[in-house]
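Next come two complexes, and both contain chain A; in the first it sits with chain B, in the second with chain C.
Presenting the complex of A and B:
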């Protein structure tokens, strides 16, 4: 045990590991806050769709040779989130079909562009598999963050948490009964837009954490686990946050100790907690 | 309400510009460990990658590529497979240590140059053989690109 602690202590002397832990916990916190709302609004799969859009946008940025690819990824993902959440139910292509279409379409085009990019410049494609692997599965992206990235993530987290607490009652109303909220004079479209923008921002940042294929797990598993046991909105959110933080910290530590991919390990921890909570829920119901 | 939204939008833009940019990071690694007997020079090693997990090796080598100045002149010990490379355009020969990641979907090459006189191919292992290299980390520019290498290095070939 002391040997493991010594190893862990040695690893935490690397700034990259400390940055990963800070960013990981912040992203886990933000995603779990919004996760409950998305699950209850039946938008669980939007995380997947938007993360694939972000992947496609990253491919475009790579092809165009944009140094700071966030300048393309962020606006494209935010616009897609707004379109999906606001107009998805009023168009000829309904919500779930629109998400599925954008999800697979962006993924396919992104991968196609990533393959074309090196040929265009005549460069070797040595980094292609690494870029794709890292972006899709978040293999170790989180362990290569700079201080600038950490600061950006802290700003994002402060904004998301502030918005959530300032508009807690409104988000609650929109989440449970949008029609009633609208009837009481609440600008539900505006709050849906706010939720869409925030979830897009979280997803873009979370791409570095677990990769674009696994982001949905970060959003839905803590919320679903909490819902197994707790029933009120507030208690579900609090429990969801605790589960998400625990799984993120546990996943990061286990992955650096055991040499497993960071994103997959965190998601595996989330799945484990979900199974435990499901079992607990079953036992409680029987009693 | 509108003021609040404007504030949120401004703050998000600020966060965006700071960028969490995951630039393309090359890749890397393996989790294999080496025994002390396999390595010639174990003294004063600043970063011993042979004692790390594959995830940490991956991360550390990526950071070496992204921020070579941080590791400049540090003594690095690392294990991987050997791959010689001949550049047809310049006529130069390079010795590369290949570090695959745990799933082998990504790999990272680290150039090294052995201390003293060595003749290729007699003094080098076969391609694909596992080696442990200990050398001084440095970076150099060639054709406008920055490359990293382990210079003044010693090499131990795995006997397996």
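Presenting the complex of A and C:
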């Protein structure tokens, strides 16, 4: 046991490891906040679609040789979020198809572009599959974050959390019953837009961390676990934040010790908690 | 008409979607304390009319005007339940309080007054003891009470009910009707209810609006019972029920 602690202590002396921990916890916190809303509004698929769009945008940024990827990824993802929401409002099937189309399309084109890019520039493409893999599943090494990334992430977290607090009651009203909220004069379209934009921002930030394929897990799993046990909206949210933070910390530490990829380790922890909570709710219900 | 203080007036209102008129020439008024029941078959434009009354949809022509104490955003609304709500993780108190959300404006949290209003409404609908229970664990009738309490938080003068007893068993449906009737008679709340249920309509309502492509009848319940359309409809719907 003390050996493990010593190893951890040694690792945490590197600033990059500390950065990874800070960023990981912040992203886990933010992504769990809106999980319940997404699940209940049947928006879970939007998270998935957007993460693929973000991947495509990243490929475009790579091809164009933009130094700061964020400048392209962020606006593209936010715009896609708005567009997906618009199509979703007309009819459900159309919305579903639109999401599938955009997400798979972005994925395919992104990969295609990434393959074409090095040839054009005359660079070697030896590292391509590793690049793609780390974009999809998160960096295998967590030592890639710079201080600038950390600061950007802290700002994002502060904004997301404060927006969530300020609009908590409105988000609840819109999530529970959109037509009632609208009828009583709440601008529900505006709040839907707000939710979509927040999700887009979280996804872009989380992409570097857990990879674009695994982000949805970070958003959905804590909420689903918490919903198994808790009975009020507030307690579900508090619980999903705690679950998410715990799983992120646990996953990061485990990945340091065992040398596993961070993103998938965190998601594995989330799945574990989900199974435990499902079992617990099953037992509680039988009593 | 019993009370002359008008709350809502529809003049020559036509409703529909682009190109197609669903229902036209609606002329009716709702006075303070009225209990108006809107009858009509599926597709007759009932739900479109609700949307128009709530201000979610503007009429093709004609005018819907609110007068006196009620503004457009001050109608309490009891929508039909959606599948999403049936397994929603929220406590009864949270849901009832969410009826106050339009009172907040840009203020992020509920103040004491709004919390008290929510408590009062829960007391009025006899769901205080359910306050901490989870919405998805309640029976259909209890869920409707919760949503009604929420609607009353949004507006205490006028409520619009969209098929409030759908999916309830006869006993719960009866309780719901009695509750609504009590709100109308004891608390003086103006009620507009959309319904298929002919028997309940003639039992509880003070006024009837019957639509089907156009306005087929508007008047008091007693006038409706003796009118041609009313009698035809009653006999079709099995109106020779007792009472």
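Operating definition for what follows: the second predicted complex is superposed on the first by the 279 of 287 C-alpha atoms of A that agree within 3 Å, B and C clash if a C-alpha of one lies under 4 Å from a C-alpha of the other, contacts with A are read in each partner's own complex, and residues count from 1 in each chain.
Everything below uses one rule, namely that contacts are C-beta pairs under 8 Å (C-beta built on N, C-alpha and C of every residue); 3 or more make two chains touch, one makes a residue touch a chain.
Nothing here was measured: the structure is a model prediction, and the numbers come from that model.
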| item | value |
| --- | --- |
| Simultaneous placement of chain C and chain B on chain A, clash or fit | fit |
| Contacts of A:16 with chain B and chain C, given as first, second, both or neither | first |
| Partner chain in contact with A:42 - chain B first, chain C second, else both or neither | second |
| More chain A residues in contact [chain B versus chain C] | B |
| Which of chain B and chain C A:166 touches, first, second, both or neither | both |
| Chain B versus chain C as contact partner of A:259, first or second or both or neither | first |
| Chain B versus chain C as contact partner of A:201, first or second or both or neither | first |
| Angular separation of chain B and chain C about chain A, which is computed from CA centres of the superposed model and rounded to the nearest 10 ° | 180 |
| Chain C versus chain B - closest C-alpha approach in the superposed model, Å | 6 |
| Contacts on chain A seen with chain B and repeated with chain C across the two complexes | 166-167 |
| Interfacial residue positions of chain A with respect to chain C in the complex | 36, 40-42, 165-170, 172-173, 176-177, 179-186, 226-227, 230-234, 236 |
| List of chain A residues in touch with chain B within their complex | 11, 14, 16-17, 23, 62, 68-71, 74, 126-127, 129-131, 133-135, 139-141, 143-146, 148-149, 151-153, 155-156, 158-159, 162-163, 166-167, 187, 190, 194, 197, 201, 204-205, 207-208, 255-262 |
| Complex contact set, residues of chain B against chain A | 1, 4-5, 8-9, 11-12, 14-28, 31, 52-56, 58-60, 62-63, 66-67, 101-103, 105-109 |
| Chain C residues touching chain A - in the complex, by the definition given at the top | 54-56, 72-73, 75-77, 79, 82, 84-85, 88-91, 93-95, 97-99, 101-102, 104, 108-110, 132-134, 137, 150-151, 154-155 |
